[in-house]
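In what follows, chain A forms one complex with chain B and a second complex with chain C.
Coming up: the complex of A and B.
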């Protein structure tokens, strides 16, 4: 079921990629509210995602920001370069791409649901 | 209405034709779209086939997987096919859950060497791997881009897939144009239907109008056919009515004249009575003188002659005269005066006659006398009614015109125009029929003359212009 939900969001993610994060991050962190440190979004209009102003209080960092918290990237080339990132979401040939790195996810003691196995590198 | 069965039939036929055109048009639209799409697809297939042939001939796929420089060459080759209609042309091969890029002709966002790629509709990609058959699908419902998957087969195994994202914009453009054309045809057909409905309505209206017109023409024809007869009948009726009115008027006048006869006879009858009384007295006293008796008998004879003349005058007046005779106007006036004078005297009304022009004319004397008597009698009645001091009636004749004037103060302005109308009277029912002046006007007009009335400083003036019946004034 979770797999279907994620697939649904990946297919229609161009409508709202925030909804993808709302589905993915609580699964990884096993929390209902996820604190995110990012430069990309000024504010999350979401009951699940909450933007924080510093790295220390965040659960996850969204984008290429220096921080020792789990990092989720939004660009292929950054994802390719940054080997510590737990995953990325980006567009190639007009198609949305979700990537997850198993070893990094495990390194941060995050929960790895079977629903994501399709997207593990 | 039965004649109009073909109009609803025509409208029905138009509607059926319209529906047929719509259905046929939709079929044509689908066919055109399919044809253009198939043509585009065929082009993509030919290009794909050529690319695959070239790749198979010039590149070893196993080497291509490992040699980045070789990939660049393949990229260059694929790039040569990129155009507005072909957005992405790349080759991938399957590896575990992903597809790995082998070569990419895209000008931007080109795949890295060995870059992992996860397509949407992965099941279709797997289908190509499994069936070894080419496949295409729309990327999304509303978009113009479709994906074409062409298997690269070697040793009867799908080694890789050539992917071309091609545009279906020409199909969309044609579809849009056809939609506009369809709308125009719909408007055209609707306009024709409305036009026909209006035409039908107008024709029915016109038919009804024509029918009504025919009916009216027929009625008019009938009316024309019977018009002469009806006019004759109406004229006859009018003549009868006039005769009746004249009779009524003469009867009314007779009543007046009886009163006048009474006045005329009173004095001679009184005289006769006195003579007879004297004779009786002489006879009783025995003082009978033969000479006196002869004188008395002569007197009595004269009085009886006078009475006889009076009766003759009235009899003459009542005689029907349909004959025109030449007569002096003074004679007519004198005759009329002889009849009316005792009555006027009895009411102390002074009658003045001033004949400046005693002309002769061809006329019906009794009719003219009737008019004069009517007017004089009316004047007499008004003078008595208004209790006028020194009541006077003046008859003046000049320039073949008779003026009859009184000093009763005139006729009120609000009724002066109505006094010649039939049954118009200011008197009560006993004293007036309202026909006297109407008949006077009718008689004068019959005698080729003209009568009018106006007020002067003293009273009413009746002006009677007379002409010979031959037309000479």
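Coming up: the complex of A and C.
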């Protein structure tokens, strides 16, 4: 019973983060299907995000991985260090935070939606 | 129809907006989702979001909005349910930090220590009223407060906090990385009521670390305070102070076959009350003019528990051993030395079973048996204490939940009462039978309605008698409680809570009832956080009514990831509830105007938080 609850909790948490990426990435890339390369999420169900096994076939990289594709980070300190990242999702002061870097988004010719305005830096 | 489609479109947009998803993540990922317990009685889960929004820096800020309340006694101690006139009148309150019970047998009411403690290390708080709340132990308590510390992975880095206000100043810092967390804080409180000091200084160090499956916790509190009126009857105390130094070291590990929890605690307590014109407490018809207590104690608690789970059944059972030993003590009343207790041993066995006998019904039974051995220099006494919990949870459907619980609770007299000079030698264990009916209606994440009805019958509660000292009350004390709570969620996190609570008493001095109506509204708009809290409190006595309406307001501006500034107005209305402390003019032998003091005085508080 307890294991089931924990499993449900992990899936649920991941599902919400995946929902955030499902909402964000298609707007950035103006595409219906986004190929992501990541070590973080072992398994997830998504009709929008497709996990790929290498950097070259990916549209975006999730996490601190060496790759020349747009990078979206999942840690505050990594985001502060890596000036090339287009954005990040992380926890800060107990709150989930979304940050997007305008300059890098434009560098990769991605779309800047008005909906991003409060997350831009 | 077009309007409906338009509304639906707006709702869909809102539901899928990035902001809404972030709120959803914050709501569903709150750590209280992992720790909250099924409770038969009234419970409050104060999430990280609520703590943050309410700018709650002290435990008393939280208790103010709950049925527990934040009343303080004549000794400047937070003591919400005390019915006797001694300083630490409660032995039915438990406080936990994470999985560690830090309530010791020698200070059964640690609530006063935590009332002035900064909450910067706390992620969320759970308050349980009239129910058992330890997953591994079914001992029911009137009040159980669980403080859960922050998760180092979510709060990594260095955080500095500073508070300025007209009544207190405080500084704190937290540092967290990977598997460890450290928090240090100091708080200086300055308040005078009728020129009588309620000043206090509190220092706290909290640390925790995880190494593999081993968890370690260290907590220390140093608290020095002027004990307000103390023994004074005329409102001019000659000497009145309390000092405490408490150190806790905790270890726990979940082995494959059992869970082990161990606490080693060292405590130094000193208190002194002196009164030239005493009249408040009598001992064998002689007024007590001075009380001095100083003791060092070493406390150990070992808990071993096992959880067995199958598809429809969950059984936990185990044992607890608690040893409280006085290493050194000096106790004097009217300069006459007495020994008191030197050691208390407590052995407990317990079992708690939840059985799902129908798809929508769960039966719960919990029992515990404790043996207390109280040792003093020349005698030793024993108490047998039994606790029983029987309850049923019925889910009419996923939105409607009914619970019916019965608790039988037994509690021993507090240690400082046992073996004391002003204590009857034949004190009995206090017993209570409590019946609780609750109903919850939860419509998705839209609203939550809760109703609690409680009936309690207590036998042999302790009372003070001028001739014999502390004795068991020959009359039963009855309490009837109704609590109605309605929570409206604007979206996943922002909410408004309306609560009405009333308790009727029978045979509690001249106290008839106590009621409270609370509105708590919290909402976030972009970088701003707002909260409004309205509390109406009314206490009815045989000879009159004392009531008050209070308002707290707060705004916080989160400039960026590294800086936040907040402003809070506490107890803003002149009509706020004030406690009354009676006074007696000894020379003229007449009662004079009582001293009134609000538990939370009017105060404007400025907080700053800097992160690196």
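As a working rule, the second predicted complex is superposed on the first by the 106 of 121 C-alpha atoms of A that agree within 3 Å, B and C clash if a C-alpha of one lies under 4 Å from a C-alpha of the other, contacts with A are read in each partner's own complex, and residues count from 1 in each chain.
As a convention for this text, contacts are C-beta pairs under 8 Å (C-beta built on N, C-alpha and C of every residue); 3 or more make two chains touch, one makes a residue touch a chain.
What you see is a predicted model, and the numbers here were worked out from it, not measured in a lab.
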item: First (chain B), second (chain C), both or neither touched by A:61; value: neither
item: More chain A residues in contact - chain B or chain C; value: C
item: Chain B versus chain C as contact partner of A:86, first or second or both or neither; value: neither
item: Partner chain in contact with A:94 - chain B first, chain C second, else both or neither; value: both
item: Chain B versus chain C as contact partner of A:115, first or second or both or neither; value: second
item: First (chain B), second (chain C), both or neither touched by A:73; value: neither
item: First (chain B), second (chain C), both or neither touched by A:24; value: second
item: Chain A positions touched by chain B in one structure and by chain C in the second; value: 76, 92-98, 118-119
item: Interfacial residue positions of chain A with respect to chain B in the complex; value: 10-11, 76, 80, 92-99, 118-121
item: Complex contacts: residues of chain A adjacent to chain C; value: 1-2, 9, 12-13, 16-17, 19-20, 23-24, 76-77, 91-98, 115-116, 118-119
item: Touching residues on chain B, where the partner in the complex is chain A; value: 87-88, 90, 97, 106, 109, 111-112, 115-120, 139, 145, 165
item: Complex interface listing, chain C residues touching chain A; value: 16-19, 21-22, 24-26, 28-29, 33-34, 48-49, 52, 123, 150, 153-157, 159, 307, 309, 311, 314, 526, 558, 561, 564, 609, 611
